[in-house]
Amino acid sequence: MFFKRQLPIAIAATIGFLTLFGWFVDEPVIKSFVDDDATQWFDILASFAMFLGALNLLKMQALKVVKQQKGWPYAALAIAGFMFSFTAGFILLGSYNVEISQYDDPAKVATVLAAEINLDQKSAENILIAMPEGDTYLIETPYFTKKGADKVVAEINAAGGMANMRATEWGSHISTRGSLFNWMFRFIFTPLSATMFALLAFFVASASFRAFKIRNFEATLLLISGIIIMLGRVPIGGHISAWFILYIVVLALGAGVNSYWKDRTYTLVAVVGGLLMVTIAGFIMGWPVDQPAIFYLPVLQDWIYNNPNVAGARAIMIGIGLGIFATSIRYILGIEKSYIGE
Amino acid sequence: MNGSEIFGAWVAVFLTLGIFSYLYKDNPFYKIAEHVFVGVSAGYWMAMAFWTQVQPNLFGRLWPVPEGEVSGFLMRTWYGVYNAMGWVLPSVFPAGGIDKGHGSDPHFMYLLPFALGIMMLLSVASKLSWLARMGIAYTVGMAAGLRAYAFLNSNVLGQIKGSAVSFVDMPWFSLTGVSVVNNIIILVGTVTGLLYFYFSKEHSGSFGKVTRVGIYFLMISFGASFGFAVMGRISLLIGRFTDLITYGGPTYNHASIWVLLVMIVLLAVWTFKGKEKQVG
Amino acid sequence: MKDKQFWSVAGTIFVLFMIYWFLGHPHFVVERAVMFWAILVVGGVLIYSTRMAQRGEKIFLRSIPGLKAVEEAVGRSTEMGKPVLYVPGIMDMDQVETVAGVVVLGHVAKMTARYETSLNVPVSRAIVMKAARESCRESYLIEGRPDLFHDDMVHYLTDDQFAYAAGVNGIMLREEPAACLYMGKFYAESLLLAETGNSIGAIQIAGTASPSQIPFFVTACDYTLIGEEFFAASAYLSQEPELIGGVKGQDYLKMIAITMMVLGAVINLFHDLGWISWDILGYLTVQ
Amino acid sequence: MEKFLDYIVKAGSLDRRVIFLVIALVVILPLFFPLGLPIRPTNSSQDVYNAVEKLKAGDKALVSFEYGPSTKPEIHPMSVALLRHLFQKDVKVYITCLWPDGQFMAMEALQQVAVNQYDKEYGVDYVLLGYRPGAEAVIKGLVSNIRKVFTVDARGNFLDDIPMMKDVNQVADFDYLFSSSAGYPGTVEWVQYAADPTGVTMSTGTTSIQVNEVMPYVQSGQIVGILGGMPGAAEYESLIGQPGIGTSGMDAQSVAHLVIVAFIIFGNISFFVERRRAKKY
């Protein structure tokens, strides 16, 4: 029972306590442990957690295939997808470069080179001649298989040049253009994760139409401030004249007066009077697009964004900050034990 | 534009339109793309975690390249284990040790996180699931220590300092810059917003009115987040369509157009066959 | 001054630190002294209020509308014979919101055990799966229905955010749950889930502290536990003295924060007007 | 009138796919027929520009990439514009990534700006340190000692062999810090574990959705300026006078926003009509 319960809590409490009060200690030994080694251990365990996630996925999908549950061919596809990215990550390098260091007769070597980088013979020769002394020329697109690269190296050597095959080192193959892993990232991982996110634009649009309703005053405030921010921050917002917004405000006030006093004459007076006043003021000031500034969307948006919005966001942030501090303290004191399922 | 780029463009277009086909309805193309994504992303996370942390910073510290000949029984067995693993996986354990700049003698202290990590992997087997607790306890404990300080410092103290606004040598009101009225709004909004999250008193009577003002400030802030969120989503859609348009160009043999047509035809057939099954 | 033990411990810590301080406080990062005291005071308030709750003192906490809806939602699913879908967010156990999500899950699991409703919990992190599974197993045990619990009630989909959202959408479309509960830390996939939940006509209750996702949950869900209400919810549902004490403690801290803000503004005003020389903002160092 | 109201209520529950089609067209058409609307920078983008303008040649800037392909359209234009501005001023650029995908984004941006446009030399003008898992623990490690987190850079070279890494040991040695972030770990963690403890000037570029979460830091001065989403990127591009992919998306962005606002208004009108009719019967 000690291993299953007391030990984990003891580990969490000690490392939590050390990390929290490590901020205040500048004694070299403790400081270097807390700031460097402890964080490195955390990073190592974080990577093992990713491994664990992948293994669990495999187990889940494999069970689905073994038990022939509904949709098992797709689970098999997921496993195939995993196998492919595992191969690209650990087994098949997919990027073998050919490097030419010297040559006796540029013309002969150029014939081989031209075929490889699909250029005409003459320009291939210029590349070789332009190669500075002691430097090497690397054929830009790597070869997928080791055999392919070795073949080209043999041909160049046969043509009197001196070339060798340089495989990308394991580990940095992730970040070299042309490796299979890099290809997988650009043409499989990127379109999939980018498109999943882009789907949301469609859902936001359909939700705007069907889900975002003014059910009460709070929802009204939310939608109005959302609309002002949306229009104010894009170039088109600058083209909507402040007077247009002023007319809408007058109509909105009219609706408010109507639903509050429920008397037709009051509403009529309010609306007509308001419209008249705005039109007269407009004529006097010559209808400038961005005056009165309070109704010019980009400026109004800036004011909302920098003042009431910051106050609301800060109230939330302080609340959450205290909440997270409280929960973290409960971990360190061993009160909160749900991470081991209690 | 060599072969692998063009083939890659076609794969990318197929997967992009496969995911977009979800908008029509949940169909085989979407399921294919979804499950390829699930599988590939798991392998991707594993490879990145391994090649950027486990191999350089863990194995690199346990088996650095020794200076000169390995001496002593312990070291010889230690590097004997290494060579055995190197025989099995030469790409991960290159001959002679892993040279990632961690000096030349092994950091045996790193056997501890290595052991915790292995225990986490073993916890995949359900009856050994308790093994992961030590690793979880370490990460949860350390995260608690880091976050307790960071959130109290930047999210609470820093914000209190930001809200202790000043009212001197600034205009009464300005739409763009700092002003007395703006600062009052920030102070009042923050205080009333915080009071909305006050749980020790029922929100009724005059206190209810104060928290009502608080929720209004919160709703304006949520409205701003809403506006920003819509803006972000539209930008991402623009990004996807820009890619599709480039892949529709001649250099990629009009990949987008062809794949779109083929998919529409297949989806129509699939739906039609689907209806026939229901009818027949 | 009821809690003798607490005050004696607090007193000794204070005295010990003073001695250490006057002995020249070796290896102490002096610039962070304000933070050191802030941690001790805030930690002290939290511990004091937790102990107050543990002593069984009556603590009043206001009602949260979103929580009563959770009971209604599970009841509705039982009547319609449809499963309850519970999504504990997409982050790992090191996130406090995920832990709160697992606590709320434990309570929901008690209800589904009592009403014999089927529960479906797709997760996106292996460690969350472990914690959620054990939390559900305990709830079904407490309700005396271990037979109803099976391991795959809590199942793992993928670590990746959007593959997970797509997977959960697939489950919603196939099993058409009557109640969808989203409790935890969410990012952009929240709308995907809420929109699909909307389209199958389920009661949706969300709880999250991620400020950027709350607007969507507020507009597309029937109830939303906003930020702290979500943390208070796990205190409510668990009725554990520590958690309720924690909420009470945070209320005290909010009062302290508000007084510090207002006082800070006032003192800062006096300083700017030249009436006093003490510059409070300089003192409130953020290091 | 009654028939007209029937039509509005029926339209209220329009099939989702019609709305999807409308949004698709609204975004594609401006990409083919650009309107060229002028871009007006807000002062939060101006603050970032001024913060970078203050840097002198030879200063050291730490740029951290925390985004992936799923948020690339919003943040990649910012990173490219910022790198252009930094290289224009001959600032030394050090790049770290807290997201695995960030490493690929950084490689692409460097290829486009450092190699093709400004012909900068790797290891002297810019270095790509690469990705390390561990989120905020990585930042805490960098604040205390970079060489514990990174012993080799993304290409496998040892840090000690890289000339520009000489006497650069921790975050405090940098003159400027910029986080292009799309969520967790990202801007919040950089403020909490790097900017606040070390006091290095920090700006950030975030997805639009994260702007609100970070605004209180901007108001309290913990962050100097913020670029918000693709509009923020377009504003920065116009400030440095090099329009790029951010600017080209702005027309589609504007039109799409107008349509979404119209959807919200129309959706609510049909909601009101429906509710008033329900009250009558």
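A few remarks follow.
Every chain is named by a letter (A, B, C and D) in the order it is written, and numbering of its residues begins at 1.
Methods note: a residue touches a chain if its C-beta (ideal position, glycine included) is under 8 Å from a C-beta of that chain, and two chains touch if they have at least 3 such contacts.
What you see is a predicted model; the values in this text were computed from it and never measured.
When the partners of chain B are compared with those of chain D, the chains appearing in both lists are A, C. Two chain pairs, A-B and A-C, are weighed by contacting C-beta pairs, with A-B ahead. Note: the chain lying farthest from chain B is C, by mean C-alpha position. Look at where the CA atoms of chain A average out and do the same for chain D: the two points lie 9 Å apart.
One finds 25 Å separating the Cα centroids of chain A and chain C. Each chain gets one centre point, the mean of its Cα atoms, and the points for chain B and chain C are 21 Å apart.
Looking at chain A, residues 20, 23, 37, 39-40, 42-43, 46-47, 49-50, 52-57, 171, 174, 185-186, 189-194, 196-197, 199-202, 204, 206, 208, 210, 212-213, 219, 222-223, 226-227, 230, 233-234, 302, 305-306, 309-310, 313-314, 316-320, 322, 324-325, 327-329, 339-340 sit in touch with two or more other chains.
For chain C, residues touching at least two other chains, in rising order: 35, 39, 42, 93, 96, 126-127, 130, 157-163, 166, 188, 191, 211-212, 215-216, 218-219, 226-228, 254, 257, 286-287. Chain contacts: chain B has residues 22-23, 31, 34, 37-38, 41-42, 44-45, 48-49, 52-53, 56-57, 123-124, 132, 136, 139-140, 142-143, 146-149, 151-156, 158-163, 176, 186-187, 190-191, 194, 197, 218, 221-226, 228-234, 236-237, 239-240 touching two or more partner chains. Taken as a graph of touching chains, this assembly is complete, with every chain in contact with every other. Touching chain D in their complex are the following residues of chain B: 23-24, 44-45, 48-49, 52-53, 56-57, 60, 100-102, 142-143, 146-147, 150-151, 153-155, 158-159, 161-163, 176, 186, 221, 224-225, 228-232, 234-242, 245. Across the interface of their complex, chain B is touched by residues 16-17, 20, 23-24, 27-28, 31, 43, 70-74, 100, 103, 130-134, 136-137, 140, 147, 151-152, 158-160, 189, 191-193, 196, 207-209, 211-213, 216-217, 219-222, 228-231, 245, 248-249, 252-253, 256-257, 260 of chain D.
Residues of chain C that touch chain B in their complex: 34-35, 38-39, 42, 59-63, 93-94, 96, 126-127, 130, 151, 157-160, 162-163, 166-167, 169-170, 173, 188, 191, 211-212, 214-216, 218-219, 226-229, 232, 247-248, 251, 254-255, 257-258, 260-265, 267-269, 272-273, 280-281, 284, 286-287. The part of chain A that touches chain D in the complex is made up of residues 31-32, 35-37, 39-40, 42-43, 46-47, 50, 169, 171-172, 174-177, 182, 185-186, 189-191, 193-194, 196-197, 201-202, 204-206, 208-210, 212-214, 223, 227, 230-231, 233-239, 298, 302, 305-306, 309-310, 313-314, 317. Chain contact summary for the complex, chain D toward chain C: residues 16, 70, 183-184, 196-197, 199, 209-210, 212-213, 222.
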